[in-house]
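Got some structures for you, see below.
Both complexes shown next keep chain A, but they swap its partner, so chain B is in the first and chain C is in the second.
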Partner chain A sequence: MRLSRRHLLLSGAGLASLASGLPLPAALAQEPRRGGVLTVHLGSEQRILNPALRASTGVYVITSKIIEPLVDLGAGGKIVPVLATAWEAAPDGKTVTFRLREGVQWHDGKPFTSADVQYSAMEQWKKHLNYGTTLQLYLDAVETPDAHTAVFRYSRPMPLDLLLRALCDLGYVVPRHVFEGTNVLENPANTAPIGTGPFKFVEYQRGQYVIAERNPNYWRQGFPYLDRVVWRFITDRSAATAALETGAVQLSAYNGLPLADLDRLRKDDRFEVSTRGVEGNVFNNTLEFNTRRKELSDKRVRQAIAHAIDVDFFLENFLYGLGKRATGPIPSLSPEFFPNNPVPYPYDKARAEKMLDEAGYRRGAGGVRFSLRIVPIMNGEDVPLLATFIQQSLQQVGIRVEIVQLDIAGALSAVYRDWNFDLATGWHQYRGDPAVSTTVWYRSGSPKGSPWTNQFGWQSDKVDQLIDQAATELDSAKRRALYAEFVRQVNDELPVWMMTERPFYAATSKRVQNHHNVPRWDSGDWHDTWLLPS
Partner chain B sequence: MQILLLALRRLAASLPTLLLILVGLFLLLQLAPGDTVDALIAQMGGGDPAMAEQLRTFYGLDAPVVVQLGRYLLRLVTLDLGFSAIYGKPVAEVILERLPVTLLLMASALSFAFAAGMALGVVAARRVNRWPDTLISTLGLVFYATPSFWFGMMGIVVFAVRLSWLPAGGFEEIGSGNAGLTRVLDIAWHLVLPVATLALTYLATYLRIMRASMLEVLTLDFVRTARAKGLGETAVVLRHVLRNALLPGVTLMGLQAGTMLGGSVVVESVFALPGLGRLAYESVVQRDVNTLLGIVFVSALLVIAINFIVDMLYAKLDPRIVSGR
Partner chain C sequence: MLGFLRRYMRNPAAVIGLLLVLAVIGMAVSAPFVFPRDPLSLAGRPLQWPMDNPRFWLGTDNTGRDIAAQIFHGARVSLLIGLVATVIAIVIGIVIGAVSGFYGGWVDDVLMRVTEAFQTLPNFILLLVLVAVFGSDITFVTIAIGIVSWPPSARLTRAEFLSLRNREFVQACRVLGMRDAQIIFREILPNALPPVIVYASVIMAVAILLESALAFLNLSDPNVPSWGNLIGAGRGVLRVQWYVSAIPGVVILLTVLGVSLVGQGLNDALNPRLRGR
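Our next item is the complex of A and B:
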């Protein structure tokens, strides 16, 4: 009896907490408390604090509290209005009309209008913003029939779902009156941002901190709860853990702490370590093949290499189980596009050996079939570990691997500009829609030197065609089917092998309330976040 | 007058060295694969070639290496250190912001290491081969053999995380609005752990040097004379032995001032201090050539200045050095 009642209570509270994002006792007992300073850890210095110029989680963690997008991801992954209140696409998909929020003010007191949206889209998203330039390639004009309507005109059909999902990251609006007529890259507002968000920028001390304070004129009446947000730059990740443990910071997002510490803090009841509220971003550990290399031009060799590496072992023993095997370039955490396919290439050393034999690469002197060089692209602490793991796994099937150590700038130019690699391993980040982040890894014709694109010397007309078709397909079901076929094709051809599928982990002090209640919370606006007294 | 001449001669001798260092470093950085735009794109997690092209023009990276070097040296003649790619403002400004932190850290650590090393060295030498000597020498060896980042991390774990006596990092309380004495005390409180960490390794060296030179000087004739004329043991040690035994320690201090600028990268990272060392590290990772060259320039000037001061100190400690010239 007691058990079942408790069970009932728990599940009820669980539902409530899911809806509101509050931990159980607080949700039942407490009203939000106003005031307080939320201090956040950041692992690296940001050059520019303008999300209309730079799409990057480091930039979002700071600026999304100061500058707002047209739309954002709400609970359950639904698109919710922010600066845009309604939207509509014409049947031919070439015109998208946004109704904009009225009565919104920039932090400097000027009104927010459609002219700001027009300027941001045409001058920053289309011309400068990474990923934005691709997304808005066919954007011809933004018309402003009145102060609160913006009409986006495209020369090719633009799927509304794709546009809206992408605009959560690539749709931040900056003030036209601040930027117009200046050199966009040198504008002081890039490091002292002016927006419409719940917090106003106060100060950026290089190498130390950024401070923002409550915006009393915020358009969401009565919000935000916090007085201030402080972002502290702590480059040493273990030191960041210590700062969290002493209470000097209350949050570290996007795997900002060492995996060992995340694993340890998971068992510490002062903190919540979870992937909740980070569902909007997923990443894969990749193995990239330079198919210009004779051995690797044979897809049987690439497949054999995939069979030869025990990814589950790596996940369990090196990543503390914080992830799982990937099924392909579209992760299972992306319900709109995940094709529900099984994990390809199970670990099977004997099969790998047999396939290599069949491809004509028999073991020669010393049991070696051939030698390869692998370039680790240092996105995170796990990359060099994985490179070593790959080296040792492939040695067992007779492929000798040499690891080429470079720092990230060096590795990017070696792999994507000079093509000076056989294998490379790094991260692929999935950003909500394959057309935004993922198809560039497979589409041919990407200019030499653009990082994280198909620089593998591999081309398939079939795949190119699927990618192009999906990018302009207006029917969601058909788009989904096209991407399922795309996954099937690239899983078979394997120019890049997505080895793992990993969510980002955030470590949050239990003092923080209403945290991680939307899918990209760390990059969200925190207007309803509040703090328990310490 | 003589001092001024010496200073000028020193400066003239160091100019070619400085030029050589700067040109060498510039060329060395060209050898490193990738440039500051690659580093930026890496930080952003993606970028397209059109944007990269714009940025390369913006940072002046589209010109040939020789032209870039020429531009840099021309600017340097007018004491313009250029524009920092990471920080988006003049390098001189960026360095000036960081310099006080590094200087404070370095000066505190060096003074502490020197003073404590000297005192312990004297004690060890006076009780040579007895238990205080063994204890001090063993401790010195332990300090010397332990990497400073480990000291730093352990200091944080024990004093900040477990005992919460000291802050885990940072230069001062952020946004506290402290001013005057409260601010000084706040900064001092934040610097206890980093200074101790940085000083311990150096302390060991001073201790060893001091102990050895004390032992050597104690056997010299003038010490026997001092004793013979009836001076007390304390007066002999302080007035006669110590002054002569100080010279090697002072030499070492001049040498170490240079390494300390670089050695503080680790301590600055562990304690999240906004100093020159971390700035240098970040400039390398982000291939920010201007900032890095600026730091090298300023560090070289600092080392030259410190060595000059050390030379002056020699003269003060041992008048024979000047008169011998």
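Our next item is the complex of A and C:
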């Protein structure tokens, strides 16, 4: 069947209404069925299964069924208790007390206590976890007055809303008795996790699959419904679509399938393709500038490059219209913090040329001003497409761009460890609050080698100060104002340009029930998920 | 020479092969005139079907590049990779095979063990390793393909040398006091060359395929318009816009077929035993 682009765009509107969460009436009427194996497609493999050491969607998709956080996002974006049952902040914001759930057991039979929370926070979140090290920078101690109370003491005020939202991603609790006294980074439990979750880890075959089975002693009585969850690594995305269509897998989350296939599966009533249940994550296509490079150290050149790229054309023609232009690092899908600013740097080729001329880079031999190397960080199939589009667009204004092809690990070290790039393009993920995983892209002082942090050779005292202030401001209106000013500053300075704002799409077989019913369902625990017979 | 040409032309498969190869050469030569624009530049809306838009009679790929332009310019890249890699492979192969076959003894043992070491590794795996270590610049990709393709030509040359080195004309050269290098390259090599030349066509066909396979895995140089890159780009849209991968796939098939048929034709034409056929 041949489809015109316009047709595809129109069907996007239909998708939005589907995404509003109309349940299947037939399924609602049914009693949940026990048993069954849910098989999930994963497009890449991080080789670590410890979410207290690596904050990444690719890790959560697997481990969130095995290891649980203190709190999670419930329906409507509300914070709901998981391992913590209640919480309270002191008026000065420097003390946050968590009541912990009683009667919870680790998969190896040991009881879960406040000592585990203390250990996870002080030894893993604060010392090793990406984003966690920044979030918990001012965490001085975690006190454990009794086995089911953990008191977090901060030397600077910690906004409770920020902490709770962040802990959904950065608050996974690991067992102290397994890790203590060992080399944390090389502990075997990092690839054979032990948690408190509804599923117990069974087996991990590199490059093949991860298997987890039902935890009969789970603290939610009678849950989970599924017998097993199997994650299969299928790196060829087209093959993954075929697996979904034949029924070999039932779910592919976080844009795991080719955009063209997602677009096709939308019209197939055996599947649901939607952004429902992924609202907790938004991502941007980024363009990082290495400001150590002479030409790029000039703000005007960075701005000219932004003016030279027609992002709307890219979205409409390359991404099937699945997304829109970003206005800065805080997406419009985050109403608490979105500063409501207009889109900066509209496409204007003539202006770009003029700015480059003014910066002193006139067209030389062959119409070329200068050459740059771009490193695509292959988070998704759109990344090489965008790298190509940037190459094509900048060629128009006299900047020659060479694409440097590396695998994701190689690209991450080239950009964030070796600083061996001029331009880079990948994804930035926004997780509900700018302080979770966004401001580290701009704050100076991240250790060399931490991925997705400011390794661009750019530093601004003003921005550093705004970030620090906002992270410890307890008044939410003031925090919002500080972030609005932050967006204004970084949009002007542009050390990294957030080009698009895009939701994630998941493709789910309609056999799966109770799916995508919370905002970060794919990274949730799936305790109430069940399967219709095939 | 004329007899050779006549024998070649009598073979219809060989003639078809020759026509195919000439067509590819024609595309490579005419590319800058037929498609003067940079084939990697954005030509129009992505994923237009062939013939949908008269400007793009083979359509556009998923990055809005003109497929026809990439096919024509890609012919230059593929031919260049094929030729250069083949020359590298043949030169290495001939030197090692000749020395090994001529001297025999421990020299032969050492060189053949090295050759076997290369042969036991699947050449594509070795190529992946080389590209992963040294990067995917097109120059290096070409050299790497040459490096992984030499062992068969070394064995072939060695076999020829083994059968030739004790012939009377070689012994005569020895008696005349000619130096080894002279004997190897001036006397024996010309007699050993025909099967190696025929085999070169196989290497060339494989070299083109190897580059395409690398590009299919997104490991070749993305800054040149190669056919393999186009197939790799089309992988994501295979189920709907299959033509993005299919068009360069067919072109690669025809080119490799052409080169192989020419090789076969040369073999038949050069083989004295088949003359009467």
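Everything below uses one rule, namely that the second predicted complex is superposed on the first by the 497 of 534 C-alpha atoms of A that agree within 3 Å, B and C clash if a C-alpha of one lies under 4 Å from a C-alpha of the other, contacts with A are read in each partner's own complex, and residues count from 1 in each chain.
The criterion applied here is as follows: contacts are C-beta pairs under 8 Å (C-beta built on N, C-alpha and C of every residue); 3 or more make two chains touch, one makes a residue touch a chain.
These figures come from a predicted structure and were not determined experimentally.
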Can A:T134 be said to touch chain B (first), chain C (second), both, or neither?
-> first
Which of the two partners, first being chain B and second being chain C, lies in contact with A:Q405: first, second, both, or neither?
-> second
Name the contact category of A:E381: first (chain B only), second (chain C only), both, or neither.
-> second
Mind working out whether A:E88 is in touch with chain B, chain C, both or neither, as first, second, both or neither?
-> neither
Counting touched residues of chain A, say whether chain B or chain C comes out ahead.
-> B
Name the contact category of A:S238: first (chain B only), second (chain C only), both, or neither.
-> both
Could you tell me if A:E102 is touching chain B, chain C, both of them or neither one (first, second, both, neither)?
-> neither
In the superposed arrangement, what residues of chain A touch both chain B and chain C?
-> 236, 238
In their shared complex, chain A is touched by residues of chain C numbered 38, 40-42, 45-47, 49, 62-64, 136, 218-223, 235-241
Complex contact set, residues of chain B against chain A | 32-36, 38-52, 54-55, 58, 85-88, 94, 97-98, 153, 156-157, 160-161, 164, 167-171, 174-175, 269-272, 274, 278-279, 282, 285-287
What residues on chain A touch chain B, complex-wise?
-> 37, 39, 44-48, 54-59, 128, 130-131, 133-134, 185-186, 190-191, 205-209, 211, 228, 230, 232-236, 238-239, 242-243, 245-246, 248, 406-414, 417-418, 429, 437, 447-452
Footprint of chain C on chain A - complex, ascending = 2-3, 5, 236-238, 241, 258-261, 263-264, 317-318, 381, 384-385, 388-389, 391-393, 395, 402-403, 405
